[in-house]
Amino acid sequence: MTMPLMRPKRKNPVLRTRQMNLPPWARGRVALGITASAAEGRFELQTCEDCGTVQYPPREACHKCLSPRLHWREQTGEGELISSTTLHHSNDLFFRERLPWRLGLVHLDAGPTLMVHLHGEVGDIPPARVRVGARLDRAGQAVLIGFPNEGSAHMADDKMLREMTSDPKFRKVLVTDGKTEVGQAIVRALVKAGADIVWVGHAEPWKKMGGLDDITALPQVTLVPLDLTNGRSVSELAGEIGGKVDIVINNAEVHRNFGIGARRGTDVAKAEMDINYFGLLRLAQEFGPALKGRSADGATGATAWVNLLSIYALSNFPPHGTFSASKAAAHSLAQCLRAEMRPAGIRVINLFPGPIDDEWNQHMPPPKLAAGALANAIVKALRDGVEDVYPGDVAQEWLERWRDNPKILERELAAGG
Amino acid sequence: MTTATEELMSTAEILGGLVSAMATGRIRVIDLTQTLTPEFPQIALPPEMGQCWPFRIEEVSKYDERGPGWYWNNFSCGEHTGTHFDAPIHWISGRDLPNNSVDTIPVQHFVAPACVIDCSSESAADDDYLLTVADIERYEARHGRIPKGAWALMRTDWSKRQDPEAYQNFDETGQHTPGPSTEAVRFLVEQRDVLGFGSEAIGTDAGQGYHLRPPYPCHYYMHGAGRYGLQCLCNLDLLPPAGAVLICPPLKIEKGSGSPLRVLALVGSGS
Amino acid sequence: MKRRQSYEGVAVAVPITVPYVRYSTRTAHWFIGQAVEALVKASGVPKEQIDGLCLSSFSLVPDTAVGVTQHLGLSPRWLDHVPTGGASGVMCLRRAARAVQAGDADIVACVGADTNHVDSFRQTLGSFSNFARDASYPYGSGGPNSIFAFITANYMRSYGAKREDFGRIAVDQRTNALGNPHAMFKKPLTLDEYMAARPISDPIHLFDCVMPCAGAEAFLVMSEERARDLGLAHVVIRGAIERHNAFADDPVMVRGGWLVDRDDLYAQAGVQPAALDFVQTYDDYPVIVMMQFEDLGFCEKGEGSAFVQSHKMTFDGSFPNNTSGGQLSAGQAGAAGGFLGMVEAIRQLTDAAGPRTVPDAQLGLVAGFGMVTYDRCLCTGAVILGRSA
């Protein structure tokens, strides 16, 4: 049984804040295939197209028949724990600071033997049936984890598993825009997930949008002035709360429905870029350093940065052409942010929803993503520790088409679908 | 000063007198301008329309690695951000008039007398207060007829609302700020030949001006008659009801419809 | 299967140890240089006559054996770099012996050497092998400890072995070490101390682990004729095997590659296991020693516990094992650990083993094991050495 996570005690302010020592982050190119699929929440291994043998560790030629035709396939991860040990000593700084630590040797039903981190609820005495999954560790690289087949209600609170995830429970979160339905749904979902404090940003307080009063009434919620187009607003808020924020959720966006010819002038496109792209830049410059400095600060320290992008970031949706371009710019910058956050072990999570069910997508036919569904996807991503999320049917479908052949998708979108 | 007195003094003496009066403090300079900061609200139109940029400012360097010995900024804003001047070309009714943009307005218009009509207590009681012809007549009964070519400034003390939310005063039915009635505007233009209209609120028209007939009558009639507007003024309560001289040259923007500017008033001490 | 050519006519001589130190600021080149200098001095063979070089060293990087030739002023006509750690002693010997038999070299210097800086462990870990980097290091043991913990735990569960059984191996080796002036550990070890030592990665505890250090081991390979001409005490090779990536389908290591070819080894030597007077097993961890007892034919698989319970493994006991103390008591000087058993075997068979001499030793077996990837070691080898006629 996993001990449920307790609310941590107040921090002693005169003590130095523990910094992050990353676990070993080197992986060969082929091995990064596991990381790529773990980033989306899947456990994949190479399978030989010619003889069907599953390979581990990842490699360049089938160890059975020498075929180079090895393709990544999702695994059930079912297998037998054949041996386990508890580390009481390590020369590696990350593990040294977190001893004791359980490891297991698992023989997958699919064939290979794997070394895994062991969830605390996996029995002590092998053999035991386990299910192996892949998660991103604090270095952002995939590691394999042996899970029990039946987990308890608190299994997410396992000390090892928490190092792979960014659970909002007992954490302090900044949501950059609370004025939209999506922002309010995110706030409610975070409160339900056990966040201690949710700071909710709002710009232009004299512009009244509905719903803000309801979430302000929640005891965990504090409204804070935040205008991502105003550098000083961002730096002042960062000065005030930046040292306490554990998770940044940047959902602020400007969305209009223009391509190139439908509206003269660049002011609308500039407004989209000023929040969707430059807003992210300002926010990252001001909140990034403190977030990085607290990434190993106790059991509920700083842990993640979430960006609300759009599936249009992958391939331009011409009716919303300038919006698409701004989201593509934001996507690129978010990748830069991910690289800069990596040394501190902060997870950068990018969401690529299809059309959200809001006023700017009024003309889009269903299916459209409800604000609540988007909010739940964010909380799930934090809990699962994934990096790239494509919530909703449209996003999933466009992703599949984009991966299959981006040029064909470009043509289809240019033709209106 | 009467015309007769003017004729007795040379222009050198007039100007020299002004300079020495300012040096001794007999003539003082009042600043009627709100400070340009990112927090100061700007006019907000429905989201489908183009918007006026708020004031934004970003350091270039501050005695640091970006520029070791100096401090400077880049800023951006709209022509109608902060305390600003409206030129006739700003409104459709003034689009074809001659000399109707900030770069072509005759510069002598940028120094002009100002009449300050006090509606502060009425505006305190009613956010949507409209200046009436009766208010103007009451003013003139006490302070004399509004001269031709003078600014008509509507004092509401609205600028004392420091909180941007209170200053903008939006609710679900829109913005609620005081302004002139259609009749008052027409009176000022047709009966008094004023230079322009000035307001302490975000616009020269009332916040609910869209619902007057015609919509936004101050813009419509003033600019349609080649007159000007000033908004987001402050310190009108420091001006005498009559006799102040306004200095308000906008930036010389090619075909500009307006610009943020410094609005100053020359007043006598003891005013 | 075609019978391999014998190693007849090959002599192995001049066992050299460059004393171990825990940490050194010197490079591997220094330890190799010291080994070669000692080989020259002890053999009387001038450096110029060493025309073959076989080297094993991890910390030599970015140099390999080639760099050493210029560094030490050698000009060999036969060269091999064998970076296989614990199996390199056996593998260097096999290669050097064939070179001498073929006439490709007359006198081959075989050296295993490594330095150990205070931060050596951190530097070598990151690049030990691709599979280790991708599938083992991320799991934090920072070395092979957890891998062998899995293997030990699995062995214990499968065959009912107890920690005390592994303790016997360690304790008897320590007794042997007390007669080895080069051993890093100088104090006796009791079974109680072994059992009470702090856990590293259970069931591996402190005295199941070798101590990394800096040092070198070396010997010369030449023809028997040459050895007699030089007046050098020497041993002969009665048989040798090696095997890599054996039993790859075993989900966890329970047997090593020696098992595949051991019948061939004893056939080459023309003896049965009982004929051996001592073994020098590769002792990175006691469980592997126990597996070597099984896989090299001294007992059946799974009977390792019973075997160690019923034998005394000291130099003067019923089954002398690792008479120098092995790596567990002498220390592991990197790749020199793969040469430790070979050099000790040569000493035992040339009456150079001092107070730890195995009485009447005629035949000894040296086993090699090494190159841990991510879940097991890949290389195994074994050599049977005998006294010269």
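Brief remarks follow.
We call the chains A, B and C, going by the order they appear; numbering starts again at 1 in every chain.
Throughout what follows, a residue touches a chain if its C-beta (ideal position, glycine included) is under 8 Å from a C-beta of that chain, and two chains touch if they have at least 3 such contacts.
All figures in this text were calculated on a predicted structure; none of them were measured in a lab.
Contacts between chains trace an open chain of neighbours here, each touching only the next in line. Using CA-based centroids throughout, the chain positioned farthest away from chain C is B. Chain A and chain B, compared by their mean Cα positions, are separated by 51 Å.
The geometric centre of chain B is 94 Å away from that of chain C, both derived from CA atoms.
If each chain is reduced to the centroid of its CA atoms, chain A and chain C end up 49 Å from each other.
Chain A makes touch with chain C in their complex at residues 23-24, 26-28, 31, 56-58, 63, 82-92, 94-96, 101, 103-105, 107, 113-117, 125-126, 137, 141, 143.
Looking at the complex, you find that chain B touches chain A at residues 38-39, 41, 44, 50-51, 53-54, 56-58, 164-165, 167-172. Partner chain A is touched in their complex by these residues of chain C: 121-122, 125-126, 130-131, 133-143, 145-147, 149-151, 153-154, 157, 198-204, 248, 251-252, 374-375.
For chain A in complex with chain B, the residues that touch the partner chain are 204-208, 227, 229-233, 265, 267-268, 271.
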